[in-house]
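Shared chain: chain A. Partners: chain B in the first complex, chain C in the second.
Up next is the complex of A and B:
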């Protein structure tokens, strides 16, 4: 049969590696990473956390400012549960979409609850005698990330 | 005798005109030319500046998203993937990182970004095989959907 432009798909031919060998390779990688975590041979950990409807990339001793009110007093310790990604220098743990609560622990303390600088909102329509001025000061909360810990319970 | 209105020579005149003028001029002090000194010119410039800043607050979000997309595109091209392929395959593998965090990872965590690109590439290949075969062949490993219960 003659070869036309539609005989073969437009993407190059793909061959996946052998599933048995792949499973062995995956198990080896998991064992190594578990060993590294239990031995504690990672340096600084960073995490991607979903908090206040935003995603933040955080490490230890980080300051975070949110543009809303948190129902916690100043000095309260908070545990952030929606962790999407945790990584160190040699390995990363990617959650699909979240990582388990028994795997990562991110702790933070509420430091400050203030208002933002007074932002000026002006709407003006020329030649129509229309001018509105509004000054907005959003409440803000400042958190400090104390620790990020991982526990060796991969499978 | 009862006096209902004040006498004609008693007028009510502004006493704090200086401060009202300064309220406007304080926002114009860093402008260029006479509009940082003269009230009549400053009023117009300050009003335009405020209106532009309110509109810019909405456009900043669009601008930043376009910037993140450009950066992610550049980083994924370094690893041999185009931006639409990268993002769509990441989402299909249930990794829900947004563009802001992906751009930060591409800048500060190159190894993590490389592993994400490899994940997207592998998911893409499994997608090609699934599209071609479409039979009772085994699904790829990375295409499996994870069901999580909290």
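Up next is the complex of A and C:
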């Protein structure tokens, strides 16, 4: 049969490796990463956390501000679940879509509960003598991420 | 380790003014509870007799900013809420902040630049470039 421009798809054909070899390769990679974690040879860890309907990329000692009110008082320690991704200098652990709670631990403290700057909400219709002015100050909370820890229990 | 940013709260009111009624009720009932709930905040109550300035709740923070709020014609519950709100704040100015996050170390695995994840020039076989 003659080869036309539509016989093969336009993307390059990829050959997948052997599943047995792939499984061996995976096991070795997992063992190496586990060894690294248990030896504690990673430097800074960063994590992607889903919090307050937003995804944040956080490391140790950094500040995050939410536009809502948390039920914790100032100075409370909070543990964040819903961790999507954890990475270090040499390796990353990607969750599908979340990572297990016994793998990662992200701790934060509530520093401050203030209000935002006063925003002006004006409604105006021209030629209708309609003018309403409202000042809105949203409550905000400021969190500081204390630690991100991982435990060597991959599989 | 958490340090409350509020240093002291000064409650200035006059016992005879009519609009300081909420402040007087707050001092009688809720001031002790508030002081007990926030043990690291110092609460000063200083009544100045006679028709003086309007009743004011002044909050001083650890970075030196002083914030004054009028308490004229406010009930004691509202004053309690105001006081807790001031106690939870820090002394930074309330202006528009551009970013809701702040990091000192933004990149862990090295910042991305257009040459990451690209093969090096030595191995690319172009029409003129020969591998050396």
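By definition in this document, the second predicted complex is superposed on the first by the 155 of 155 C-alpha atoms of A that agree within 3 Å, B and C clash if a C-alpha of one lies under 4 Å from a C-alpha of the other, contacts with A are read in each partner's own complex, and residues count from 1 in each chain.
By definition in this document, a contact is a pair of C-beta atoms (placed from the backbone, for glycine too) under 8 Å apart; a residue touches a chain by one contact, two chains touch by 3 or more.
Keep in mind that this is a model prediction, so the values were computed, not measured.
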| item | value |
| --- | --- |
| First (chain B), second (chain C), both or neither touched by A:53 | neither |
| Which of chain B and chain C A:61 touches, first, second, both or neither | second |
| Which of chain B and chain C A:5 touches, first, second, both or neither | neither |
| Partner chain(s) touched by A:87 [first = chain B, second = chain C, both, neither] | both |
| Contacts of A:98 with chain B and chain C, given as first, second, both or neither | first |
| Which superposed partner A:114 touches (first chain B, second chain C, both, neither) | second |
| Contacts of A:14 with chain B and chain C, given as first, second, both or neither | first |
| Partner chain in contact with A:45 - chain B first, chain C second, else both or neither | second |
| On chain A, the residue positions that both chain B and chain C contact, one per complex | 46, 56, 87, 89, 92 |
| Chain A residues touching chain B - in the complex, by the definition given at the top | 9, 11, 14, 16, 19, 22, 46, 48, 55-57, 84-85, 87, 89, 92, 94-98, 119-124, 131, 133 |
| Residue numbers on chain B that touch chain A, as the complex places them | 47-48, 50-51, 53-54, 57, 93-98, 100-101, 104-105, 108-109, 111-112, 115-116, 119, 125-126, 128-129, 131-132, 138, 140-141, 146, 148 |
| Residues of chain A defined as touching chain C within the complex | 43-46, 56, 58-67, 74-75, 87-89, 92, 109, 111-118, 142 |
| Touching residues on chain C, where the partner in the complex is chain A | 2, 4-5, 85, 87-90, 94-97, 100-105, 108-109 |
